[in-house]
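There's a structure below that I have some questions on.
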Amino acid sequence: MQHAKPLPALLAQRYHGWKATTHAENAAWYRRLATEGQRPKAMVISCCDSRVHVTSIFGADTGEFFIHRNIANLVPPYEPDGAQHGTSAAVEFAVTALKVAHLIIVGHSRCGGVQGCLDMCAGRAPELEEKTSFVGRWMDLLRPGYERMVARDLPAADQPRALEQEAVLVSLENLMTFPFVRSAVEARTLSLHGLWTEIGEGGLEYYDAEENRFLPV
Amino acid sequence: MQHAKPLPALLAQRYHGWKATTHAENAAWYRRLATEGQRPKAMVISCCDSRVHVTSIFGADTGEFFIHRNIANLVPPYEPDGAQHGTSAAVEFAVTALKVAHLIIVGHSRCGGVQGCLDMCAGRAPELEEKTSFVGRWMDLLRPGYERMVARDLPAADQPRALEQEAVLVSLENLMTFPFVRSAVEARTLSLHGLWTEIGEGGLEYYDAEENRFLPV
Amino acid sequence: MQHAKPLPALLAQRYHGWKATTHAENAAWYRRLATEGQRPKAMVISCCDSRVHVTSIFGADTGEFFIHRNIANLVPPYEPDGAQHGTSAAVEFAVTALKVAHLIIVGHSRCGGVQGCLDMCAGRAPELEEKTSFVGRWMDLLRPGYERMVARDLPAADQPRALEQEAVLVSLENLMTFPFVRSAVEARTLSLHGLWTEIGEGGLEYYDAEENRFLPV
Amino acid sequence: MQHAKPLPALLAQRYHGWKATTHAENAAWYRRLATEGQRPKAMVISCCDSRVHVTSIFGADTGEFFIHRNIANLVPPYEPDGAQHGTSAAVEFAVTALKVAHLIIVGHSRCGGVQGCLDMCAGRAPELEEKTSFVGRWMDLLRPGYERMVARDLPAADQPRALEQEAVLVSLENLMTFPFVRSAVEARTLSLHGLWTEIGEGGLEYYDAEENRFLPV
């Protein structure tokens, strides 16, 4: 791999600072996590967006959350066709091997992927409709959520948030199509949770199944 | 989604603590990130493993890294077939829309996915060879790295680490099959980096292209 | 004390979150508790085990329970020999100075201390029989309970739970050897209670003196 | 044990509420903790005082802290004489069996035990000097701290706090007399920490070894 470069000096410098402080303070714990293996309590699926840090929001310790991050925190439906499904692999590993107790989907405001989906479905982003657009094809997963949102006939200003929250619900629904998720949920060894965070004001809402809407935590 | 549960109270409590402190202290910055959009300097691809926190290791601020996490930090080759490719979508978004300056692959020690690949390729994990195994099919991406590792004829004890580092190299190689990555690298608007971290002792190595091996940062 | 280290950063961060929320919301009450002194209704003696949180189980407010926690929730017999007796000191303080109305012993399932006692008494843990084993000598307190349990001729699978419940009874009996406990009980200013909790299913049983066995709460 | 009473109805009621909510929300995690055993990151030694709740202050999850609580958070010196030493047993179990990474002593303001020691050493509490006083004999452990405090010639108003902080230091010193603590500290598999909390205002200070005094967290 002739194209790889060394780590930028600033990051190397910060790393050495971390090793001399945070790692040094917790070295015994890190060693135990290394030798005894991880035992995370929860899997979190959140967006790649640089403004969403679930370990910070929840004060999570090293070893506490198994985290998958992809564009728009989407989970595809169960499709065991022998092709590569990175998200499904992560869910399978968390639920069947690590046996996490909670699986939490975290959506967020100002999501670029969701905005792309909105534009694409409204016919405003033809480049995303092309077969070669990875983002476009990935956001196809959210089309059922878009249909539901359209049916609510919302003002344009409310649509991004509504679709961001639909992304959480589509993922929760798709999760239930995985046999090992469904059986764990039914056996009460796994619980599913849907969250949506507003990144500017630091708001946090959860999906309330009884009221069928998102409410502040 | 009738199966979704509210957020566990402990996490809700910690969230409120975060909002009253970390968020309150940085509210102006978070608001700017919300209204002006993210502008991350780098994309990081690391593992879902709960023991790997790149924002902690690199002291990264909110808004600094666009992070994709999947099992064993793998990037598949370029395959614009119209199917869903979550990792490729994240790379496409980071490189073409966000125009990140760095793309960093972070492998790590004690990787459960890599160990699974090792077992599968050595014939010790038939369940991973089944078509329905999402983890198995995902780890197929690492088979070229396994072949190279086998050719080095290493003692068994050295194989996990060697394969973990091959996972970084396979990803770097596959990245270069994406036309938009290759052209950005060649135009020097993007640089690629390969890292491997030892989670117990907090060690960090980078792939040195000249020496063709990993060296301590 | 040159060996002491600062508080790990994660705990410091969570503390600041607590202070800005839980403490801020209850500051008036905390200030009264500070200036007027504590006035707990009950003393609870439970195990050090990280899975047993009586304040959580009983929704106890700050100031409500005076809590002593030791290995296997044991109370030694009255022995005013001038040596250090930490448990006896805690009981003395609670009953004579704080005049608590209830004294509750809380045993629990999967108790490592009780299992050690079982192994030791059955001759399977010679290291615990050594004079220098603090855990072994502490668990000697439970030997009378072990003798009673053996007399019941239980299958091996039922023995841990039986001995965990004997630990509660031994403690209740020993409590009555303290003159100030006995006189408070006889004056009906203090009542004693024995509980046992099953940590997996969250079960709770209490010792019923009439039936001379543990029954679900 | 004819003297034991059933659980007061209010506590039974609260327990049922906890089981239907907190336990139900976390049942899968509690079951795993039950079957796989605890793996606490830290041992905390704090006072029995009803106003000190370290799990609340640190947002600690079930399974995170192994907690010993006694009067004035004292650790006696290493004394393997075959007698019962509850605190030493708890420390031994945490360090040698559970292999905790951190051992944290938490002192606090308005400590009744420390006040008793102050009164006793100043000749104002003859009843605590009696051989039969468990509290008095327990607080003898703090006499070395009292001597150091007296040498500082502080105004009376500052003495309780100074002696409360000495209680933390005496415990840290005594911990180092335990061979298994010392060797773990020297091997860097265990780190010791001293804290003092002000219960009215929710303040928290840590012992800074370099400055040899307590500083705000």
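For this structure, a couple of remarks:
So that you can tell them apart, the chains are marked A, B, C and D in the order they are listed, and the count of residues begins at 1 in each.
The rule we apply is simple: a contact is a pair of C-beta atoms (placed from the backbone, for glycine too) under 8 Å apart; a residue touches a chain by one contact, two chains touch by 3 or more.
This one's a predicted model, so the numbers in the text were calculated from it and none came from an experiment.
Looking at A-D alongside A-C, one finds more C-beta pairs in contact between the chains of A-D. Taking shared numbers over all numbers used, the chain B to chain D interface scores under half, which places it in the different class. With centres taken as mean Cα positions, chain C sits 46 Å from chain B. Note: centroid distance chain A to chain C, computed from Cα atoms, is 42 Å. For chain B, residues that reach two or more other chains under the stated contact definition are 5-6, 8, 13-14, 16-18, 22.
The residues of chain B lying in touch with chain A in their complex are 1-8, 11-12, 14-19, 22-23, 27, 30-31, 33-35, 37-38, 40, 43, 48-51, 53, 55-59, 62-71, 74, 76, 80-94, 97, 102, 104, 109-110, 112-113, 131-135, 137-141, 169, 172-173, 176, 185, 191-195, 198-202, 204, 206-209, 217. Chain B contributes residues 5-6, 8-10, 13-14, 17 to its touches with chain D in the complex. Interface of chain C with chain B (complex): residues 13-14, 16-18, 20-22, 24.
Against chain C, the residues of chain A that register as touching in their complex are 21-22, 25-26, 59, 61. Listed in rising order, the residues of chain D touching chain A in the complex are 25-29, 31-32, 36, 39, 41, 59, 61, 64, 99, 101-102, 188-191.
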